[in-house]
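Quick one: structure below, then a few questions.
Order of writing sets the chain letters: A, B, C and D. Residues in each chain are counted from 1.
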Amino acid sequence: MTELDPARRSAVATALRSQRIETPSWAYGNSGTRFKVFAQEGVPRTPYEKIDDAAMVHALTGVAPSVAIHIPWDKADNYSELAQYAVDKGIRIGAINPNVFQEDDYRLGSVCNPNPGIRRKATDHLLECVEIGVATGSTLLSLWFADGTNYAGQDDISARQERLHEALAQAYARMPDGMRMLLEYKFFEPHFYTMDVPDWGTSFAHCVRLGEKAQVLVDTGHHAPGTNIEFLVAILLGQGKLGGFHFNSRNYADDDLMVGAADPFQLFRIMNEIVGTDSLRPEAGVAFMLDQCHNLEPKIPAMIRSVLNVQESTAKALLVDREALTHAQGSGDVLGAHAVLMDAFSTDVRPLLADVRQEMGVDPDPIAAYHRSGYQKRIEAERAGGSAMGWGA
Amino acid sequence: MTELDPARRSAVATALRSQRIETPSWAYGNSGTRFKVFAQEGVPRTPYEKIDDAAMVHALTGVAPSVAIHIPWDKADNYSELAQYAVDKGIRIGAINPNVFQEDDYRLGSVCNPNPGIRRKATDHLLECVEIGVATGSTLLSLWFADGTNYAGQDDISARQERLHEALAQAYARMPDGMRMLLEYKFFEPHFYTMDVPDWGTSFAHCVRLGEKAQVLVDTGHHAPGTNIEFLVAILLGQGKLGGFHFNSRNYADDDLMVGAADPFQLFRIMNEIVGTDSLRPEAGVAFMLDQCHNLEPKIPAMIRSVLNVQESTAKALLVDREALTHAQGSGDVLGAHAVLMDAFSTDVRPLLADVRQEMGVDPDPIAAYHRSGYQKRIEAERAGGSAMGWGA
Amino acid sequence: MTELDPARRSAVATALRSQRIETPSWAYGNSGTRFKVFAQEGVPRTPYEKIDDAAMVHALTGVAPSVAIHIPWDKADNYSELAQYAVDKGIRIGAINPNVFQEDDYRLGSVCNPNPGIRRKATDHLLECVEIGVATGSTLLSLWFADGTNYAGQDDISARQERLHEALAQAYARMPDGMRMLLEYKFFEPHFYTMDVPDWGTSFAHCVRLGEKAQVLVDTGHHAPGTNIEFLVAILLGQGKLGGFHFNSRNYADDDLMVGAADPFQLFRIMNEIVGTDSLRPEAGVAFMLDQCHNLEPKIPAMIRSVLNVQESTAKALLVDREALTHAQGSGDVLGAHAVLMDAFSTDVRPLLADVRQEMGVDPDPIAAYHRSGYQKRIEAERAGGSAMGWGA
Amino acid sequence: MTELDPARRSAVATALRSQRIETPSWAYGNSGTRFKVFAQEGVPRTPYEKIDDAAMVHALTGVAPSVAIHIPWDKADNYSELAQYAVDKGIRIGAINPNVFQEDDYRLGSVCNPNPGIRRKATDHLLECVEIGVATGSTLLSLWFADGTNYAGQDDISARQERLHEALAQAYARMPDGMRMLLEYKFFEPHFYTMDVPDWGTSFAHCVRLGEKAQVLVDTGHHAPGTNIEFLVAILLGQGKLGGFHFNSRNYADDDLMVGAADPFQLFRIMNEIVGTDSLRPEAGVAFMLDQCHNLEPKIPAMIRSVLNVQESTAKALLVDREALTHAQGSGDVLGAHAVLMDAFSTDVRPLLADVRQEMGVDPDPIAAYHRSGYQKRIEAERAGGSAMGWGA
């Protein structure tokens, strides 16, 4: 079993305290499947209330100091004010996520649409989001396109790629220094014959063409069945093209379940590639973001739980005895090398994390602390009127 | 190449003229993904208008004489009147589809819900649908349950099965003679850890337990990747448990694309099992139903196209030289047996079908006929006011 | 975190001490992929030497007291002697596995072959294996058929099912009281269009038709991508049709990796269904068997590791607080119920298992004990001459 | 239905006559699965006899004028002589395929092995194959690596990538002008945790790093379930990085069935991307190669059938009315654009191809011609002695 000497324990604890996990504003609102959105009580009615919830998650965990926003779901009259509101609450605005899929115009695509007028409109929204990034102090433009086709022959695959490049190039040119473009891919949904960016290879090819400020965004739920995600994470790290993650769990599709719920070993293996290349440090430039839908479960506890799951996987990855691992790998000891990894995974890191939390001044059990806090009852009472926010608004 | 002698040609044509394909009322309304429902013009505002559209599809194709309804989407004050309206339009009401997934009560399931009160409510709706079946003269109760769980441990898998059985048994007991229960299965969505009826085996086990009036419903889009659908069709036929189909196309999930659009060879192989066991005849008791969503494409032409696709696959299956096939199979001639099948598949059956349509008194090109008919313009004008129907209403 | 009171700890330890995991004789021989079989040193040259290795695994772990055999790979002149040899070594012969796929006759199938003479030959081998079961005192006839087709049309799906039933019925009729037939299914390989028993539903339907002595065998590597194995385990338990397991790990196909290596959480969820229905007890009649190929790693340590992995998952399943789980499930507490399960999974059970082993009189670290034992060096020296056994011999 | 005016018909026929499809020497030898290799009569015993068979396929089809070779399976004392033998038979040597997976040294990999000595040996074999390419007049070095790992932690993913690059760079540097390196990828098998080149993205990244003489090789059986192959073909064409194809069919894994047998519509869609970008012409530099295993079916007729299947798909792709397609796509006519494609696919092109063959001076029905030729009987008699070639020799 993994025993930690004081120096190692201190290094692990330091790494855990400095970890940064971004939560998404949209996960605090209502969500569902095409069959039904089950409304919950206490759901935010404004972007400001979403920030309140994100701030609460940070207050309890200590490692979730930013919140991603989605435009126009989080449209504000004054984005500087929105950003200041976040700061006042103890967090900040993270990635800016343009939305170019919820208007009737986008039926056949946004930046890949055969109609140049619609492409113009969609591209303008990307440019607007660059400006919102500037106004909010965000350094990340996080792009996911719902574009694709449902039928063979419906549109020209290659032509759509060129249209995509043109739009990306305009947004890229508009970005100020210090801003990065993260290009997400998705295997399928909402289109079922082609998605215009279906895999990491397509995203990678676009990012290479655009330049060094463009990087690939890995959503852990957006792959073909059986895809080895830690492998492509390693490849992208090696190419300097891993921009960040959208963490969540999937069993089948873009299930958007809580990260670590479906396959905690996979999450550990991903974090192991991160830790093994010293990419956990915030300055390494990999953004760790959650992107989930809490359709059945209460949203804030689910988000806290998700943050804890990432922490636990990270702690296990930090416990891997890299010297022993390297030695076993180098000597061709298949079972021995595997055992080094499994030894860390089998360790119960919850006591360690409870200690780290106390060192950080947060409750050792953030979920219990949430239930004790009265926050849920308060928002259910305070947010009784008005219109709960969801994906559509 | 397949050459038909007059006797064989006549038998094939007779089979094609007597084919019956049911269209679903809900496919005439608006539909979409969780990301967006793109509204179309001319979409029905009432169940009566859906019947109008279904009747139009039948008028043009001659082989779509019934329409499945979904309760409460097609709720009517008087179901006898609704049925009579269909008859007046030249068609009839087909399968009755209860809906127990679009109320907040059903967040944790309907007939499998841990709460007995909610199970009672859901079961009562099944019983109501049996009555609607009686009132409309339908002989098919078509059951799909959105029930399932999203997280390991969320509920007890076995207990949910028993709850399911109890509800099914009550509906089964209420069914009059001549009515059949078709139990559909689905691999995933809207739940992502378990579905309570995820595969044909689970449906089959329930149907065996219920009795001979319960049969399995195969939705061609509801399988794990790589599943050989014609194989399980053959198994179910052999067990006397194939109740019918929900036809559509899938590449990834429950994509609900037009049948025959994603893999026409698969559709042919399925129809080949049907024809090879003489199960195409209406009296064989296999219901051929479409279940699709036309998210991007115009709904009525898409439905016509789908009917034609099923017809074309059927025609090819009817062209298979079964004597030659049996001989090649029996003698272990792998390539020869395969070639017999492919010979039929490679044949262009459109001229044959055009002839058959003329013999039936319908236009040889139903899609062109639809475009010439002025129907689309008329409904776009007439249905301008009111609220278009969709999944939610 | 899970804390155990003494009574509970005692019950858990008792359950763990009485667990029985069967190892397969073929996993001690050489194996590989179609691309290459990498030979290892010290591999058995006779069935007797395989028994030696299986006995060593049992001596070190205390929970692997039987070994499955494969006929004709383990063909013996006198099966009573073979059985006695096992007993002398401290173990016994477990399941008898007929092999009807490694002769040229079986190119188009064994019991499903279109040629009746070949079906007779294959069926006779099944009958022979029943006799071997009697001679060795085995109570399990474990059937897997490589039968299938590669091309659409190659053979008649339904006819092959009937041929299969006829052969199974003959073997079933020959089985003495107390013997069970376990019918395994497999999604694909070695055939790629149809397998004659591709899924649990097909196996289940055959077992229902045969009678109560026929049950389904679940090989954890034989499913379509994304299949929820614990779900079908629960279904089969509910139907009294779960005969046993072939444990191994898969990421893609029938990878045959060490159980617990690819997805330890899945193995835990499966064991959780077993424990939750009190089916761990040997008298519950579920056979826990390994079926793996150690292509790259040394075979005996890999087998020990696999046994330990099953033990660890079992221990975690035994730690689940079932009262808390049932309460959370019944009250619709999605996150709470999930947390009860995850709490057990997150626990490090290795200290508990080390204690249990000491109570059983075996080394707390069986892998270290193996390396200290000198067994590997001894067999590498002793088995230097002769022909190492593998799949083909 | 597609009617061809004389000018268009002439262009289509010209394209079909100039199509070039390469057959693989190894498909004429015995092959199988890990479970069994079923030997066939008349199988070649030498590389020369494989060339004889490949020449027979070309003589009958007129469009298969080259044969790929695999080293050391096709090891010859004098490669110039081997090449001259092919020319004398009417064909030529095509791609050179190094084999670095069938020696015990390669258990943990070849060019990615942690042992530098084994990497050196493997790299030297690549260099040897460059020389063989020079000696045989081949312009294609076709690389597939069986390298990978079976267990998490077994080796360092990133380090293996660097080792791979080093080996590729040496082979690349050795290639003369006019030679291209095609780097194949494969989702899984023979390794089951990681493959070192598992997807097109990884191959693409390596090829970009190497330079313009390195291109991606697409094996149609090497993808994750559900992968849209025509999409990535379009992407690679757009990047100038599509080097060629290994054609075959798959339903589940690397099934290596006859191309066009599992999903003829997919093959058509792939060829449609080729034709739509004018990449069918030999000078476009896309190599169309078969890579199949005929485990059950007779090898030469299966190869002829495969060539015909590619031809039929190509003919259908040539029939697509591109003007109508472009117009429908540009105007957002989803059903119309799809219909243009399906119209071509539904056409029976066998009469057209029979005519084209007669114009080329070959039999309109090459399979019937083969059966009439007496070739099979002759090789079964002549090749009765000696040792049939297979994957291992």
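Just so we're on the same page, a residue touches a chain if its C-beta (ideal position, glycine included) is under 8 Å from a C-beta of that chain, and two chains touch if they have at least 3 such contacts.
Note that the coordinates shown come from a computational prediction; the quantities given were computed from them, not determined experimentally.
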Original post:
Which is the least count of steps on a path of touching chains running from chain A to chain D?
Top reply: 1
**OP:** Tell me which chains count as touching both chain A and chain C.
**Re:** B, D
Original post:
Comparing B-C against B-D, which pair counts more contacting C-beta pairs?
Top reply: B-C
Subject >> Euclidean distance of C-alpha centroids - chain B vs chain C, Å >> reply: 40
Original post:
Can you list the residues of chain B that touch 2 or more other chains?
Top reply: 108, 150-152, 154, 187-188, 193, 225-226, 228, 251-252, 261, 265, 296-297, 334-335, 338-339
Original post:
Mapping chain-to-chain touches, which pattern fits: line, ring, star, complete or other?
Top reply: complete
Original post:
What residues of chain A sit close enough to touch chain C in their complex?
Top reply: 1, 225-226, 228, 251-252, 261, 263-266, 296-298, 301-302, 305, 312, 334-335, 338-339, 345-348, 350-351, 367
Original post:
Residues of chain C touching chain D in their complex?
Top reply: 31-36, 38-39, 101-102, 104, 106-108, 146, 150-152, 154, 187-190, 192-193, 225, 250-253, 255, 257-258, 261-262, 295-297, 391
**OP:** Using the touch definition up top, name the residues of chain B that touch chain C in the complex.
**Re:** 108, 114-115, 150-159, 161-162, 187-188, 193-194, 198-202, 204-205, 208, 223-228, 230-232, 234-235, 237-239, 265, 269, 273, 276-277, 325-326, 328-332, 334-335, 337-342
